[in-house]
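Have a look at these structures, which come just after this line.
The following pair of complexes shares a single chain, chain A, combined with chain B in the former and chain C in the latter.
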Partner chain A sequence: MNNKVPNNRAWLLVLPMLVLVAFSAIIPLMTVVNYSVQDVLGPNARFFTGTEWFESMLNDSALQAAFLRQISFSLIILAIQIPLGIGIALIMPKRGWQASAVLILITLPLLIPWNVVGSIWQIFTRGDIGLMGWGLRELGVDYNITRNAGDAWVTIVLMDVWHWTPLVAMLCYSGLRSIPEAYYQAARIDRASKWAVFRYIQLPKLTNVLVIAVLLRFMHSFMIYAEPFVLTGGGPGSATTFLSQSLTTMAVGQQDLGPSAAFSLIYFLVILLVSWVFYTTIMHMQKDKHPHGGA
Partner chain B sequence: MSYQLENTQRGEKYTTIFSKVTPAQRRNRNARSRWRANCLLGLYLILMILPIYWLINMSLQTNSEILGSMTLWPQNLTFDNYIGIFTNSSWYMGYVNSMLYVAMNMLITICVALPAAYAFSRFTFIGDKHLFFWLLTNLMAPPAVFLLPYFQLYYSVGLFDTHIAVALAHCLFNIPLAIWILEGFMSSVPKEIDETAYIDGYSFPRFFVKIFIPMIRSGIGVTLFFLFMFSWVELLLARTLTATNAQPIGMIMTRTSTASGIDWGTLAAAGVLTIIPGILVVYFVRNHIAKGFALGRT
Partner chain C sequence: MAEITLKGLAHSYEKTPTHAADYAIRQMDHVWHQGGAYALLGPSGCGKSTLLNIISGLLEPSEGDVLFDGQRVNELPPEERNIAQVFQFPVIYDTMTVFDNLAFPLRNMNTPEHRVKPKVLEVADILDLTPLLKRKAKNLTADEKQKVSMGRGLVRDDVTAILFDEPLTVIDPQLKWKLRRKLKEIHERFNITMIYVTHDQLEASTFADKIAVMYEGQVVQFGTPRDLFERPAHTFVGYFIGSPGMNFLAVEYQGDQVMFGSQPLPVSALLKRAIASANASNIKLGIRPEFITISSQQTTESIPIEVASLQDLGTHSLLSFMLNGQPFKARLPEGHPPVGETAFAHFDNAHVALYIDEYRVEAEHE
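Here is the complex of A and B:
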């Protein structure tokens, strides 16, 4: 993996992929840029507006609120899922049929279509027919996600933890499996405590996969749409309206092309900035590991 | 002095002369901590399965039983909800549509991603790092951003409401993902293999198909699993790019809520049926999945 050969003909191998991705990415993105600086009133009536839409979007208080909600949601689920995922990975069986069985069970939530995840939790939390909603009501808790914003938040966080912790757990599990048995033997000879083994052997080996986990979880939670849409519809009020939903309401529901395009670009730039930070981190880590190269 | 060996998962094999703890005691302690771990894991699994169990439970009940009383398991077991789905073409075509565009997407993606990932893992070329980062940004692009332009683009080229439109749209995030995973797997194959093959007179295409691809079989399997996963679960783009002919099952499920209320039984049965393909796929790759989740980079 080190000493790669300089060879510009490699572009030929990349070309088919490039054409396809460009078709799905660049043309639509250019359309968005185009809309973001114009006011489209009809097929033949469009005016150049410059940065007007961008200014109005940045000053829109509803969007600012959605942005803050989005950030806090992403941070909350990261704070829960990452430690929980590590914990589960540590106690998963390493071999035998149990390992396969646990693996398949744990991966299950990842393979359910996102709107069905919303439906599952909608059914599960309803007061009249859902196990959780009914159970909490029997226990005397006043739980109602369509009326109480706090309940809606807790439920959405719970749903996301249920849905995505398996990804973190699986990433950590695969990281743990790559630790050579000799490391553990050395630790035993040194009579290292469980905590020391975790802190000095397992955690350093996990940093690589943890960065991937944080990156994937951050960006997926940042564009969450289908699950809260099905579960709460963004309500009560706008308590659980996240950025993607604000955007689709604006673009598809109200057909506000200019403002929604400007909003799209700002949204995308924020994600781009964060992923750039992660990307450079990953690349630096690879460089530390292989001083002579790395992707 | 007591020389205690903590963390002895298979400690009996490595008994040291210092140890004052008998192997039997140590086994006992191991068994206890193992038992505790299993309990925690069991608890997590039960909590995880509970919502899915509830869905299955409801799919096997009639609507009057669902709404009438709280039953922890179906009192009058009925398969009517499933029969209703399998005998109504507008329902089961939703599954066919979803399967079709997922399969098309997997085929297109793997065909273009294999050579590209090889290029990234073996060569440096002008702009390679920028290209790789640009690919990753597509992985991060929120589908909501592309919603409207996609609709207009595919409408104008006459692909609206076809399976291939959804398959192409899902390439946006699936191709970068596939390249990312495959590049990791390919980089762990020593370069000497390529060189030996060329010395033996293999041309590049023949080497790639006959030697290289069989060597990263498990990586390709895992990649296909991820492609399936992300194309199968995505709904926003699939819903926007289709109307009637290629409508995904997720969209058809919204039909259960009508003016007279929600048809909970059918909704639950349709939900259960969307989980089954995922279970089948994960069963096939269960032995390689652990490595694949680290994207080939452990």
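Here is the complex of A and C:
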């Protein structure tokens, strides 16, 4: 027998949450949706355009190029930062004052604002007064981020790795610390090699923090704006112009509200889609292939 | 084959231990014979897990030697000791299937795959894990996981001893006895030394042939479950074994009488002589609640008590009473007549034990 009493007044309890979410997410998002389907010429002159802006945005070759650059950038930095972060976490001291010292040292880049990171690297890479730029020139390397697209790319990737690998390392470090000592003891008794310990104990136990790390780093890097903007201004040419910079130019520089609204929505949906696919795939991999046993 | 001998073993977690309290394990000598089923019983913090980790090699003792068949193994890491250990919380390799988990120790030793399979199947069969072999270990229940971690110890042919560190802590009560019986079965089937650490006397006595009771870093008694109950060698054993534990009375010999505070005790002549000749200030008499009889009539052998409460436990009742300001327990059989305000306790002299400086002394030998 079902003893539950239907009481629709319970919905009232959800109301405060709904109001909060409406103001924080739904209403701003709807404004953007509103702009994306109209051509607003003035306060009293607006025309419904349907999917026109979306189509033109998807067919814009400059944006397509920026999109490809963006995807490449995110993949490159993930491919470097995730393994590097795991590696750093594995060699970090486990206890004592050394652990605290290393932890503070490694966190420092995370505390620096985006703009400042860009400025630091901008000065760092200058050929006349920057340590790296000057050093490389003295070594005979023809290094110039304002002329050479390859140099600009390498520098931006390097900057992002410097700025954000600590986040991955810290997440992994906390994940490693939460593995009970008994696992390592059992592995010793089972005569597991160092590699086997990593492969079958540490890595599986890190899955959850790595999912968070990958998602955070993907979303972050996909939205990167201030750092390359300060460092290279998107150049040379448009070699390091990423999506958010294109968007800013369009929305703020040219005041093309309709197209940039459509573009913003596409941008948002791409991030959402990629994150969802990634998360679902990982969660699916952890499930049993034979939920009812082999027999 | 392994006979595990502990020689002058002591361990301290301090760098420079100065007094006895710094030691997790105090100087001890002990032999675990090949093929025995042993339990290491004691309260939390008595050093039993430390001792287990020293035997398995996870910990190096600060003093003394660990000998396997007479060979000193102090410095040998666990992977070279031919032992397996099952931990309090089941340790399994999450991403592997049950089969791969069981095969893991064998594969780590580069055993050819055609020899891995039959061995894994055999162990899975003993532990009733066969239907689960293809499942991922992560999704098993706690008792299945614990069986898998046990299985990893059994697949290796070179394992001569399995150490259990409170392995049933996370198992549901209904499954505990099943697993315990499984352990017993495995012990009978393989000629393996098993040492089982627990703080549960019931677990210890159902599993082990011989129990070592640990207290403050020392083995205070090593004997069969029956020995521990009937002849506790140390006051702690008396108190720890049995539910409730033994009653103790600190007594003095005064003017031809054995006094418990202001209450003279009607003890046997033998015991009286032993107490009179004891050259110590710490003299205690111990009596189990099972051997105290309560009546409403006073005899020359009984003493008046102050009844506190009576608890009905179904098969028997438990009487709490005060004597000389100290709480006592007596176990009354089913159907015992009700106990009134005035009652008298009679201690069965055959079961009154003498403890001098906390250790049992046999009155007969005095």
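Basically, the second predicted complex is superposed on the first by the 256 of 295 C-alpha atoms of A that agree within 3 Å, B and C clash if a C-alpha of one lies under 4 Å from a C-alpha of the other, contacts with A are read in each partner's own complex, and residues count from 1 in each chain.
Note that in this section a contact is a pair of C-beta atoms (placed from the backbone, for glycine too) under 8 Å apart; a residue touches a chain by one contact, two chains touch by 3 or more.
Given the structure is predicted, the values throughout are model-derived calculations rather than measurements.
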Chain B versus chain C as contact partner of A:103, first or second or both or neither: first
Which of chain B and chain C A:273 touches, first, second, both or neither: neither
Which superposed partner A:204 touches (first chain B, second chain C, both, neither): second
Touched partner set for A:28, first chain B, second chain C, both or neither: first
Touched partner set for A:186, first chain B, second chain C, both or neither: second
Touching partner for A:139 - first (chain B), second (chain C), both, neither: neither
If touched residues of chain A are counted for chain B and for chain C, the larger one: B
Shared chain A surface residues [contacts with chain B and with chain C]: 185, 188-189, 191-193, 295
Touching residues (chain side chain C, partner chain A) in the complex: 56, 58, 77-79, 83-85, 87-89, 91, 93-96, 104-105, 108-109, 130-136, 138-139, 149, 152-153
Chain A partner contacts - residues on chain B that touch it in the complex: 3-9, 11, 14, 16, 37-38, 40-41, 44-45, 48-52, 54-55, 58, 66-67, 70, 72, 108, 111-113, 115-116, 118-126, 128-129, 131-133, 135-150, 152-153, 168-169, 171-172, 175-176, 179, 183, 187-188, 191, 229, 232-236, 240, 249-250, 253, 264, 267-268, 271, 274-275, 277-279, 281-283, 286-287, 289-295, 297-298
Residue ranges of chain A in contact with chain C within the complex: 180, 182-183, 185-186, 188-193, 196, 200-201, 204-205, 286, 288-291, 293-295
Residues of chain A defined as touching chain B within the complex: 1, 3-11, 13-14, 16-18, 20-21, 23-25, 27-29, 31-32, 87-88, 90-93, 100, 102-116, 119-121, 123-124, 128-132, 134, 162, 166-167, 170-171, 173-175, 177-178, 184-185, 187-189, 191-194, 197, 208-209, 212, 219, 222-223, 225-226, 243-245, 247-248, 251-252, 257, 260-261, 264-265, 267-268, 271-272, 275-276, 279, 295
